[in-house]
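The same subunit A turns up in both complexes below, where it pairs with subunit B and then with subunit C.
Let's look at the complex of A and B:
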């Protein structure tokens, strides 16, 4: 229940509650909603993004502009947020001819990409060749990255 | 689930003490504290004069199938290290109604402030909330801030149920709920002296989920031990239209009310004077 939204919380006191923490256990399975350690690939991805930010105009031999520094920064923040979930695979990182940055994950029949188009906007695309599914959407700055994380996890689970 | 069941369950003395109808929408870049204050002053101050600020509430999206396994806590894409815009918490003079406004959400609470307060009909609360959504949408357009693009909805009902206290919690749960039988396989365990129970019931078509939570609480007003049964229906929208959001709230309300009747035993229904 969404405790923050209700007023009843102010009018009640909690009864005794079972201990929530199980820090003393050795179980390694992640419960629902558990945040893991940040992914260890993040520093590598950040270095790739810095290299992308330094690309000169015409880097693709077809006259593409230099990537927009603000978009690269936004992409860095997006992937940084995604990495906080932990236990996710490393993405491929590519500049796009339009000045954006694209992250890709692929495993078996599953493919997912998220392209940061502007400082506060990204679009994503998911494909599962085995199930013949294609899904797409968009996410804006300030919004939940839950869908992005769910798609990356889907790709990861195919490996 | 039997979809032919009708009409909607109704109770003359329902144990509900609070309801929330809410909509999350696309975050509005220019809907900061100043604009929220303007909105409150222009549209809501007369009806909700008591103002507080709270941290914003995160949007929760229900997930299905294998995505449930990857269900991480809400992580937002934040480009800049700017502070969150607070949530305005505006209460009516008598405290019965609260309107909550934040950069990506609008919520209307009703609270049973004392035993004599009558439970307002759902349609009245729904229509009031629809009017408030329309007022916000008009304000956003007048101030060229943007449009309301709803992304998900929430319907919450909180019920307080009298019981015998923690020493009786196992038998009480069995008396009250259809899905708590207080049995063990061999009688070895003593009766429990605490219980916090949660359930999730998917709404067909992956259009949402009814989340139910039962926990013991102590009512501050009289220090009485109660069981709090909270039912929250959440759903993600497809079209980003206010009309769809209101239609989903109707669906969420139906799941909360039918879910409550289905989860609680007929003996309790008699106590709450079920009419239909």
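Let's look at the complex of A and C:
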């Protein structure tokens, strides 16, 4: 059993489907102590993601394109993995103006957001006003989500 | 219409639709409200001295139920991140006859506002 949470690429056959190529499936190497069952809020978040994927072009009245379905799928994989840690608060789920998906957690002086920018890349931002801390970074598919989970946990502990 | 420089004490309006992803009831404004769309050079705001709140809200691009948040240009320019480091934001007049009072908040890098800047702007701008 791994001691970190990861998103793992899995190569699958796509048969005659025209887009071909790779399919990415999130799997979890469960960390020590992880309950391994998704948080109760995951189905709600998944419904929100499907609603985001269905947004029509121009949905923001300023000509925004429809979100990229591949990015929404990547966001679903990421949040699915994060939810398996258990006992984490439900995120706010939003599209981003750039066509990505953003998850936000906020409690008291602490705030964390992770923005899925592309099929395999996300950037995150953490702020704690009480400690005057601000940190940011990037995470790519296949890498550990340990930092993301740690920041969400920090926000949760401010409640 | 005016493209004269914007004084520090000028009040700026930012339009916020009252629904996700801009706003989560009952009172939470998302950082989405302060992020740039693809192709934007800066974040659109309106100058109180040049255009009324009613006119900003009645613009055809305004979604029904939108409201305004406000801050002064000086507050934007002096904004720092949580650590106190300056964000070096600029406020530039870009209004024309078709969009009077329009101005933009721009980051040090044209066409880019950091997550830190969006978060700081979210905390700064207050509901009218």
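The working rule: the second predicted complex is superposed on the first by the 122 of 159 C-alpha atoms of A that agree within 3 Å, B and C clash if a C-alpha of one lies under 4 Å from a C-alpha of the other, contacts with A are read in each partner's own complex, and residues count from 1 in each chain.
In this text, contacts are C-beta pairs under 8 Å (C-beta built on N, C-alpha and C of every residue); 3 or more make two chains touch, one makes a residue touch a chain.
Just so you know, these numbers come straight off a predicted model, no measurement behind them.
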Which of the two partners, first being subunit B and second being subunit C, lies in contact with A:98: first, second, both, or neither? second
On the superposed three-chain arrangement, identify whether subunit B or subunit C touches more subunit A residues. B
Looking at A:143 after the superposition, I want to know if it touches subunit B, subunit C, both of them or none. Which is it: first, second, both, neither? first
If you stack the two complexes on chain A, which partner ends up touching A:82: first (subunit B), second (subunit C), both, or neither? first
Residue positions on subunit A within touch of subunit C in the complex are 60-62, 64-65, 92, 94-99, 102, 104, 106, 111, 113, 115, 123, 125, 127-129, 132-134, 136
Seen from subunit A, its contact residues with subunit B in the complex are 1-2, 4-8, 10-18, 32-33, 35, 73-74, 77-78, 81-82, 84-85, 119-120, 122, 139-147, 149-150, 152-154, 157
Spell out the residues on subunit B that touch subunit A in their complex, using ranges where they run on. 17-18, 20, 22, 26-27, 29, 54-55, 57-61, 63, 66-79, 98, 100, 103-104, 107, 109, 111, 151, 154, 156, 158, 160, 166, 193-194, 196, 211, 213, 215-221, 225-226, 228, 230, 232
State the interface residues of subunit C toward subunit A in the complex, per the touch definition above. 20-21, 24, 28, 30-32, 35-38, 40, 61-63, 81-84, 114-116, 119
